[in-house]
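Before anything else, here is the set of structures, which you'll find just below.
First subunit A sits with subunit B, and in the next complex the same chain sits with subunit C.
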Partner chain A sequence: MLRLLQLEIYKIFKRPRTYISFAVITLIILLIQIGLKFGGKEYVGMIMSGMSGTFEIPPGDILNGYFICFFCLTMLLIHVPILVALIAGDMVSGEANMGTLRILVSKPVSRTRLLLVKFTASVFYTLLLLLWMALLSLIVSMLVFGTNSLFVPRELEANIISESDVLWRYFAAFGFAAVAMIMVAAMAFMFSVFADNSIGPIVGTVCVIIVFTILTQMQIPFYDETIKPYLFTTHMLGWKGFFYVKGIEGTTVDGSVENISSIVKSALILVGYAALFLLIAVWYFRKKNILT
Partner chain B sequence: MTAIIQVKNLTRYFNEIKAVDDLSFTVGSGQVYGFLGQNGAGKSTTIRMLLTLVKPSSGDIEIFGMDLFRHRKEILRQVGAIIERPDLYKFLTAWENLKIFAALSGVKVSNKKLMEQLSLVGLSERAHSKVKTYSQGMKQRLGIAVALVHDPQLIILDEPMNGLDPQGIADVRNLILHLRNDFGKTVFVSSHLLNEMELIADSMLIIDKGRKVVEGSKESLLNPERVQVELVTDDKETALELLRLTDWGEHIVQNKNGQVLLEINKSLIPELNRTLVAKGINVISLRPKHSLEDYFLSLTAH
Partner chain C sequence: MWKFGIVFILSFPAVVKGQSPEELLRQVRLKLEKVNDYEASGKMKTNVVFIKTPIASVRVYYKKPNKLRINNESGISLIPKGAMNINVNNIFPDNAAFDIIDVGKENGTGLRIIKLLPRNDTAEVVLSTLYIDEQQFLIKKTKTTTKDNGTYELEMFYGKYIAYGLADKIIFSFNTKDYKLPKGVTFDYDDGNTKGKQQEADKVKNRKGKVEITYSSYIINKGVPDSVFR
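The block that comes next holds the complex of A and B.
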């Protein structure tokens, strides 16, 4: 199993398209960092002008590595699913398109194992992409901009999290983001099993995410109870919950999370979706006739 | 001779269409077994069923004496195959492709052995070139190396000579014979290149519209002594009438499209000529037709 996994990962990283995602993330994060390095104070001023109340942290200190990372995550985590789909949506359909699927399936490896190995390889890619994102957006930003308390803008107010209470929240947030992206990978992977070319699964995944995101953001009360709680897009941004802190008399409580049960529930729903997509993929692939 | 493949009443439907219809055949150990049929006859579907890519609608397949679908892994460990085109990972080198497919076959192959496989198909000098830079012939040979890399007992080749130039065809032919003669491998090979099959196959099966038309050893199918002779004279009707009045009449097998064909022993051709000339018929030609192509066309012409 481990040997097969190594081979799958080897194949993924031998293809130039794999590096597109890493290049895109690098470019965007660098652009954000450069932009905020030279025009960050104006940006922070702009955010604060829309909020009521005063803050203990001076605006100049808001612009630190933690804040840059939060900004990067907010910008990027909505779009990373497209990059994840690029590889996961190609895992089986790409083999069918190349004509190598028939050789793979005629080898003495069970179809279930073959599929699980391929899925694990796409999970590995997804995690590596997130790790790269974390490295650039958190570590590089910390080195370039330094650290201080984290200013978390919310709708009409903001949370200020003390410096010593931030780092673990990022680990948790990236962990949650990993669950969400694995769910996206599972969906693209499932589509990939049904198709014989890569375009369909990639476009299909992106379309589903767009439609679900629109439904999630639609401010129609009827959908709030009936559809939204079950859409995975409602739960994908649950990582932000780690930065919403309990407050007592205007100060935040270190180590606290405003609504941990909601985060756990969202994570479980995402895991459920991922498991469902994977089960469908295995079920279909086991009985699929390989005609390509 | 031990049966390596035993297929019984194999049938496969695609919706309402019967791609393979009640097909039964046996492939003996150490044979080159030719699997012949026109395009769309059901050859590739049969091969896909032999490799578990497609499930049969009904029927049984036994390979090495075991049920294919119950002992899939054990059987496929001993099978190497090319299915239609030798599609491989174009972004990898020949070496990397071989290494990957050897590992998938559950075999640890040494670097020396990998290079030997590439030498066998004449690709050792391009071992580290990406497959996307290969010609069609080179890809075909690499496909064969992939099929052989784990040293299987049974080799299934679906149209292995497709897209090859005459030299490439000769190379593949020699390779198949080498595998049978020197390593005792069983080779199941489908092709529509009938003259090539005639050169390499020990036994053959001809299918048409998914059904078996005929199966047997090459000798029994293409008896070199018993031939079909095409008779061309200046007066076909009179010649036919004369022949029908004698014992020759029962040897007339076909009289279509202006052709007169007689199935006789080769040794009787001069006597036939003498008979006709003696009766005043001018014989323009008496041409023996015994090639596989003629035989195949006589069986599958629609």
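The block that comes next holds the complex of A and C.
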């Protein structure tokens, strides 16, 4: 089993396309960091425009490593699913396309186990991608921009979190993001089982994510009540919940989370979706005709 | 010496009651003028409906005639506009610049109410109201109405530094403007509280915000470099 997993991971990292994701993430984060290093004050000024009538806030205080990381995650976690789909969407369909699926299935390993190993390999890739993202967006930003309290802009209010209360929130947020990305990997993986070429599952996953993200961001009351609560893209933003703090008379409560039950609910929904997609993939793969 | 004593005794009742507002303001200013500069340490608590922020450790610098700066020692400095008014020297720098109206005494507290109307039509401040303790020559409360930034209120509570007219605690109230960011910028996560917050935000438009500074210590008249105010 472990040997099989090693083989699958080896196959993933032998493919040049795997490194495209890492390169893209590196490029985007570096571009954000360079942009905010040289023009961050103007950007912060734009973010702060909603408060500039009431407060004077030096942009330099806000522009720190924690804020840069928050910005990177806001920008990236909507788009990283596309990079996850690049690999997970190719896991089975790629084998079918190259004609190696038949050889693989002829091994003395059950189809279910084979599929679970392949999925575990794509989870490993997903987690490595997130770890790389965390390293660049959090650690490098902390080194380059330093640390301070974290300013969290929200649509209706702003939260300022003490410097000493920030880091654990990032660990929790990356943990939540891992659940969300594994769910995306499961969806792309499921599409991959249905198809015999890689393009379909990758494009299919990307299309679903784009449509769902647009629906999540649209502020149309009809969708707010009917569709949004069930879209996984709504719950994928749950990582942000760790940065929404409780307040007593305007004072933040250190270590608090505004609505932890909502985050847990979102995480469970994502786990549920991932399990569902994986079950469908296993069910379909077990009866899939690989001779044609 | 005995002559001086008689003059003092005779003039005391006049000091306690029936002073002209000009004289009262002069006495208040005399007290305030003992302070050329100060550096104060304290804790600042901000209470504004659209912000949650930690209690900040602040250092407040003042230098005559009207230089004032509030520095947050760690974290993000969230200083309300109009915070200059936390120093009463900035409210009435010069008697000649105002018409003074004596409104009498406030019911309950017995504080003398004096209104200052700026003579300059283009001044940002439209009206200042001072609530003065006549016995101690202390300003206990002020209300400042401005052209563009609403009304500021300042309440002062005195203790250790009463001799200098410096408060141990101040409560500064101000009008807040609307706060809203487009969701496209924030990509908010709806954690179930968004609806409630929207209703709350709609209700509290133009509500008052409050900043409380509790001072722990003052360093008075030891010099403050100009570079602090830049």
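The working rule: the second predicted complex is superposed on the first by the 283 of 292 C-alpha atoms of A that agree within 3 Å, B and C clash if a C-alpha of one lies under 4 Å from a C-alpha of the other, contacts with A are read in each partner's own complex, and residues count from 1 in each chain.
Following the convention adopted for this analysis, a residue touches a chain if its C-beta (ideal position, glycine included) is under 8 Å from a C-beta of that chain, and two chains touch if they have at least 3 such contacts.
Keep in mind that this is a model prediction, so the values were computed, not measured.
Contact with subunit B, but none with subunit C, is seen for A:R3 once the two complexes are overlaid on the shared chain. Looking at the superposition, the partner that touches the larger set of subunit A residues, subunit B or subunit C, turns out to be C.
Look at A:L291: by the touch rule set out above, it reaches subunit B but stays clear of subunit C.
In the superposed model, A:L104 makes contact with subunit B only, not with subunit C. Contacts of A:I269 after superposition on the shared chain: neither subunit B nor subunit C is touched.
In the superposed model, A:M187 makes contact with neither subunit B nor subunit C. Looking at the shared chain after the overlay, A:T251 reaches subunit C, while subunit B stays out of its contact range. Residue contacts after overlaying the shared chain place A:S162 against subunit C, while subunit B stays out of touching range.
Looking at the shared chain after the overlay, A:I62 reaches subunit C, while subunit B stays out of its contact range. Subunit A has no residue lying at the interface with subunit B in one structure and with subunit C in the other.
Residues of subunit B touching subunit A in their complex: 48, 51-55, 72-77, 79, 81, 83-85, 87-92, 96, 100-101, 103-106, 146. By the touch criterion stated above, subunit C contacts subunit A in their complex at residues 45-55, 72, 74-81, 83, 174-194, 197-198, 201, 209-210. Those residues of subunit A that touch subunit C in the complex are listed here as 47, 50-51, 53-58, 61-62, 74, 78, 148-149, 151, 153-163, 217, 219, 228, 234, 237-241, 244-247, 249-252, 254, 258-259, 262-263, 266.
Of all residues in subunit A, those touching subunit B in their complex are 3-4, 7, 10-11, 14-16, 98-100, 102-110, 287, 289-291.
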